[in-house]
Amino acid sequence: MRRATLILLPYLWLLALFLVPFVIVLKISLSDIELAIPPYTPTLDLSEGWKGLRDFFAGLDFENFVFLTTDDLYWKAYLSSLQIASIATLCTLLVGYPIAYGMANAPDHWRPTLMMLVILPFWTSFLIRVYSWMGILSTEGYLNQLLLSLGLISEPLTILNTPVAVYIGIVYTYLPFMILPIYSALERMDGSLLEAAEDLGCSRIKAFWLITIPLSKTGIIAGCFLVFIPTIGEFVIPSLLGGSQTLMIGKVLWEEFFNNRDWPVASAVAVVLLLILIIPIVLFQRNEQKQREAEG
Amino acid sequence: MSQTVFEPWNDPDAKPLIQFKNVTKRFGEFTAIDNQSFDIYEKEFFALLGPSGCGKTTMMRMLAGFEKPTEGTILLGGQDIAPFPPNKRAVNMMFQSYALFPHLSVWDNIAFGLKRDGKSKDEIAARVEEMLKLTRLEQFARRKPHQISGGQRQRVALARSLAKAPKLLLLDEPLGALDAKLRQATQFELMDIQEKTGTTFVIVTHDQEEAMTVASRVAVMDTGKIIQADTPQVIYEAPASRYVADFIGDVNLIDGMAEAREGGAEAASTAESETPAQFEAEIPAAETAPRAPQPNERGKWLHDKLFKYILGPREDAPKQLPPPTPEESKAAASAVQPYAIAPGGITIHWAEGQPPLIASNGDPALAGKRVTLAVRPEKLGISKDRPESANALRGKVIDIAYLGNLSTYHVELANGTMVKAQLANTRRVAQRDITWEDKVWISFRDTAGVVLGE
Amino acid sequence: MRRLTWFNATSLTLGFAFLYLPMIILIVYSFNESKLVTVWAGFSTKWYGTLIQNEAFLDAAWVTIQVAVVSSTIATVLGTMAALVLVRAGRFYGRTLFSGMIYAPLVMPEVITGLSLLLLFIGIGLDRGIFTIILAHTTFSMCFVSVVVSSRLVTFDRSLEEAALDLGCSHFDAFRLVTLPIIAPAVISGWLLAFTLSLDDLVIASFTAGPSATTLPIKIWSSIRLGVSPEINALSTIMIAIVAVGVITASLITKRASLRQQADERAAVHA
C-alpha cells in the first residue's frame, strides 16, 4: 500500500507532465495548421463519441513531415546542427583533455581547489556565461581591441555572428562536462603503469599514447556524449553568438513556434530532432553500461 | 556424571525455543533452504556453519523476519512467527556490518530500540548504562561510531541488539570484521556475555574455528541443508559425512571397499605379511630422483675435502637432520600405543597389493560398499621402523611443514594417496630422524578413524 | 609520482584563464562609467544604482526566486521518492517506462520539453503564469534530484534500515530516523541543483511563462538580444558573486567536515 503511493506519486507526475505532453507534440505534428488558438486541427472532441475519435484519426497525416523534406531550410538545419555539434565536441575535447590531465597530475592538496574551480562555472548562469563572450567577440570588442593594440591585425576581425563564435561559446559553456569524466578516469589510473611502460622501453610520449589515452577512453567517450547530445538541440548559443547565418535546429524550432506560429511544423521539427537524438543517447547508455560492468 | 550437563537436545522433556518445521525457502528458481526441520533450545549458543551461499544467512534472516519461509513454519516459544514483522518480534539481530547508525552517538545507538518501545527516560538511561557496563564502553558513550575502533564498534552493535533483552539474539558473522588476535579475545567475551545474560544466541559464521569455540551446538550446512547438527566434539570426532569431515579441520580421506571383519588377530597378521621389497618397486621413479642437480664424484670429493670448510655445506645436499641420541630413540619408541585391536567392524581395501585397513568401529552393514575412512592428522603416527599398530602403511615423506608447536608430514602412500600426519614437537629432536624422501611407516589405531558411507 | 611539469602547469593556467577571463572582464566592466561597454571610462558603481531602481528587473527576480524555491522543494520531495522507487522498489509494472521518464529529461533538448509542456497547458486550458513555470521546472529538475539521490542510495547500507526495523521501528520511522538523516547531504545537494537549474532556465520558462509572469532569465534575454549593456553586466556580477560565495562556502564546509572525520578516524585507530 505504502509502496504503491511511493511509486504512484512520481509516476503519475511524470506521466502527466512528461509523457502526455510528448504524445500531444506527436499528435500536433500530424495535424494541419489553422489560423486560430489553438492554431491546429483536428482537436479531439470526445463529446461526439466514436465519430469524434474517427474524425480525429482521419485528420492525421504526415503532411508536416513531408513539408520538412521539401523545404531545404529544415534538413540543412539538421545537418548543420550535427556538423556544429561534432566540430564543437572535438574542440571541447582538445581543450578539455589537457586541463583534465593537468588536474589529475597536480599535487594532491591542489586537487579539491582545482575541482571546485571547474565546477564553479557550472553553477553560474548559463545565459551570463554566453553573454560574457558577446562583449569579447564583437567587432569593437575586447579581443579586437587587444589584437589591434598589439598590432597583430590592422582591421577588426568579424567573429561574433559567425560559426566560430558558436564553437567558442559551446567549448566555453560545456567544458566542465568534458573535463570531469576525463579527470575521473585519469585520476583512477595507477601511476606505476606509466613507470612500467617506461621501464619496458617506451618514451614518455609513446607511453602517453599507449597507456594513458586507452585507459582514459571511457572518460573521453562519456565527455564527448555529454557535450554532443545537448549541443544538437542548443538554442541560446546560436541565437546570441551565431547571428542570422548560423543555422541550428533548436533555433529553427523556436522561430517556427514563436515567430511563424506554425505549431504543427514546430512539433514535427521536434519529433525529428528527437529521433536523431535517440542514436547518440542509446550509444551513450551502452557506453555507461559497459563501464559499470567493467567496474563492478 | 552427577553434575547437570547443559544438553537440552538430549532431554526428551525439554521444550525447544525455536522449531523449524519443514521449512523451505525459494528465491525464484533457487532453493536457499530445502525442507529443514530442527530445534534450538533456550540458552543455547547455536552456530550455523557453512561456506558462503549455503543458506545460513537466509536461515537467520527468516528468524529475524526479513524473509518469510516459502513452505513450513517457524515456531518461537511454540508460536508461529510468520505473521510478525521484524519490528514486532522478540528477536534482535547483530548485523555483519554492525549497521551502527552513523549519525547517532554510541549512547543513542544503544537507546534506539528502547525508545521505540516507548519506555520512560529513566528506564532507558538505566538500561543503556547497564549495557555500556556489560560491554565495557562507558567512556565512549558520547562518541559517534566513526570515532571508535573496530572492536568497540562490534561491542556497540552487541550492546544495541541486547538492550531490548530479546528472547533470541541473532549474530551474523559477528567477528568477521575483526583481525585474528582481537577475534580470539572477542570469542571468549561473547561466550561470557551469553552466559551472563542467559540469552539464546544463534550465530552465523563461515569460520569453523569460531563456531567450534563459541557454540554449544554447531549445525554444518551445505546447499540449503543442515548436514549435521551436534556438539563441537561430536562434529569433530564423529563427522557424519565426508563433507563435514572435510569442512571441519584437517582430515585424511582414504577411499576403499568395505568388507565385514570377524576378529582382530587375523586381520593383524595380514598386515604383517607384506614384504618391503614388493613395496619398493611401487614408489614412482621420478620421485626418488634427486630434485636438484648433483655434483659428480670428483666434485663431491673436492667439496667434502676442501670447499666444505670455506663455503659451508652444499645447498643442494640432501637435507639431513642430526640422528637422534639412543635415549631419544628409546623415548620415541615407548610412546607407541600398546597393540590391541578390538574385534568386529570392517576392513577397507584401499589399494591393490596393500593390506586392508582395519576399522573396528566401522559399521559391518557397510560391507561390500565403497567407503571413506576419515582420519585426523594428529591421530596418525609416523616412524622409520614398523610400529606395533593395527594399521601400518608404508610411504615416503614428500614435505615437512614446521609450525612451531606442531610439524605436519606430507606422506605419499603406495597408491599415490597423500596423507598428512601431525606430530606435536614435544621433544626437541625426538622425531627428527625423519626427513625428506625418507621411507616411513604411517600408523593409526583401529578406532582412530571414522568410516563414512557414500 | 604526482609532479607539476611545465606542460601541466601551462595547460592548467591557460585552461582556467579561458574559463575565468570572460567572467572577470564582465565583472570589471560592470564598474565602467561609460554606457559604451567596450570603452573604459573610469570606475563607477552607477549601473548598480540604476539596476536597483529598475522595477522590471526586481519583479522578475522576485518571480524567479519564488519559482525556484517552490519548484526545487517539490522536485526534491518527488525526486527523492523517485530515487527510492528506482533503487528500492524492485520490479513493478511499467518500471522500464518509469526509469525512462526519469532519465529522458536529462538529455531532452530544452526546446522540446518547453514546447511539449506549453502544448499540454494550452490543451487543458491552463492559464500560463508562475504556476505553469513551477510545474515545468519541477518536472525536469525532479529528474536531476532523483539521479543525485539515487546515486547516494545505491551505496546506502540496507542493513542500517533492517537494524532499525529489528529494533522496533515501523518502515516510516526507519526512513525518518535512519535513512533520511544519512542521505540528507545528497538530498540537500539535489535541492541546490534543482534550485540553480530553475534560476538558470531560459528556454522552458520562455515557453511556459505567460504575460503575467516574467522570470529574470527571460528579462535578461530580451535585453541582451539587443547587445551588451552595462546594467546586465552589473546584474551578472551580482549573480556570479552570489554563486561564488555559495560554492566556496559549501566546499570549505565539506573540506572541514572531511578533515574532522579523518582526524576522528585517526583518533579511533589509536583509541
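Things worth noting here:
Each chain gets a letter, A, B and C, in the order it is written, and its residues are counted from 1.
Quick note on the criterion: a residue touches a chain if its C-beta (ideal position, glycine included) is under 8 Å from a C-beta of that chain, and two chains touch if they have at least 3 such contacts.
From a predicted model like this one, the values you see are computed outputs, not experimental measurements.
When the partners of chain A are compared with those of chain C, no chain appears in both lists.
Taking the mean of each chain's C-alpha atoms, the chain whose centre lies closest to the overall C-alpha mean is C.
In whole angstrom, the spacing between the mean C-alpha positions of chain A and chain C is 18. Chain B and chain C have Cα centroids lying 58 Å from one another. Averaging C-alpha coordinates per chain places the centre of chain A 62 Å away from that of chain B. Chain contacts: chain A has no residue touching two or more partner chains. Those residues of chain B whose C-beta lies close enough to touch chain C in the complex are 64-66, 85-88, 91-93, 95-97, 99, 101-103, 112-113, 116-117, 140, 144, 146-149, 152, 160-161, 164. Residues of chain C touching chain B in their complex: 157, 159-160, 162-170, 173, 177-178, 181-182, 261, 264-265, 267-269, 271. Here chain A touches chain C in the complex through residues 2-3, 6-7, 9-11, 13-15, 17-22, 24-25, 28, 37-38, 95-96, 98-99, 101-103, 105-108, 112, 114, 116-121, 123-129, 131-136, 138, 140-142, 145, 172, 175, 191-192, 195, 229-230, 232-236, 239-240, 250, 253-254, 257, 263, 266-267, 270, 273-274, 277, 281, 284, going by the rule given at the top. The touching residues of chain C, counted against chain A in their complex, run 1-5, 7-9, 11-12, 15-16, 18-20, 22-23, 25-26, 29, 37-38, 78-79, 81-82, 84-85, 89, 92, 94, 97-98, 101-102, 104-105, 107-112, 115-117, 119-120, 122-123, 135-136, 138-139, 142, 146, 171-172, 196, 199-200, 202-203, 217, 220-221, 224-225, 227-228, 232-233, 236, 239-240, 243-244, 246-248, 251, 255.
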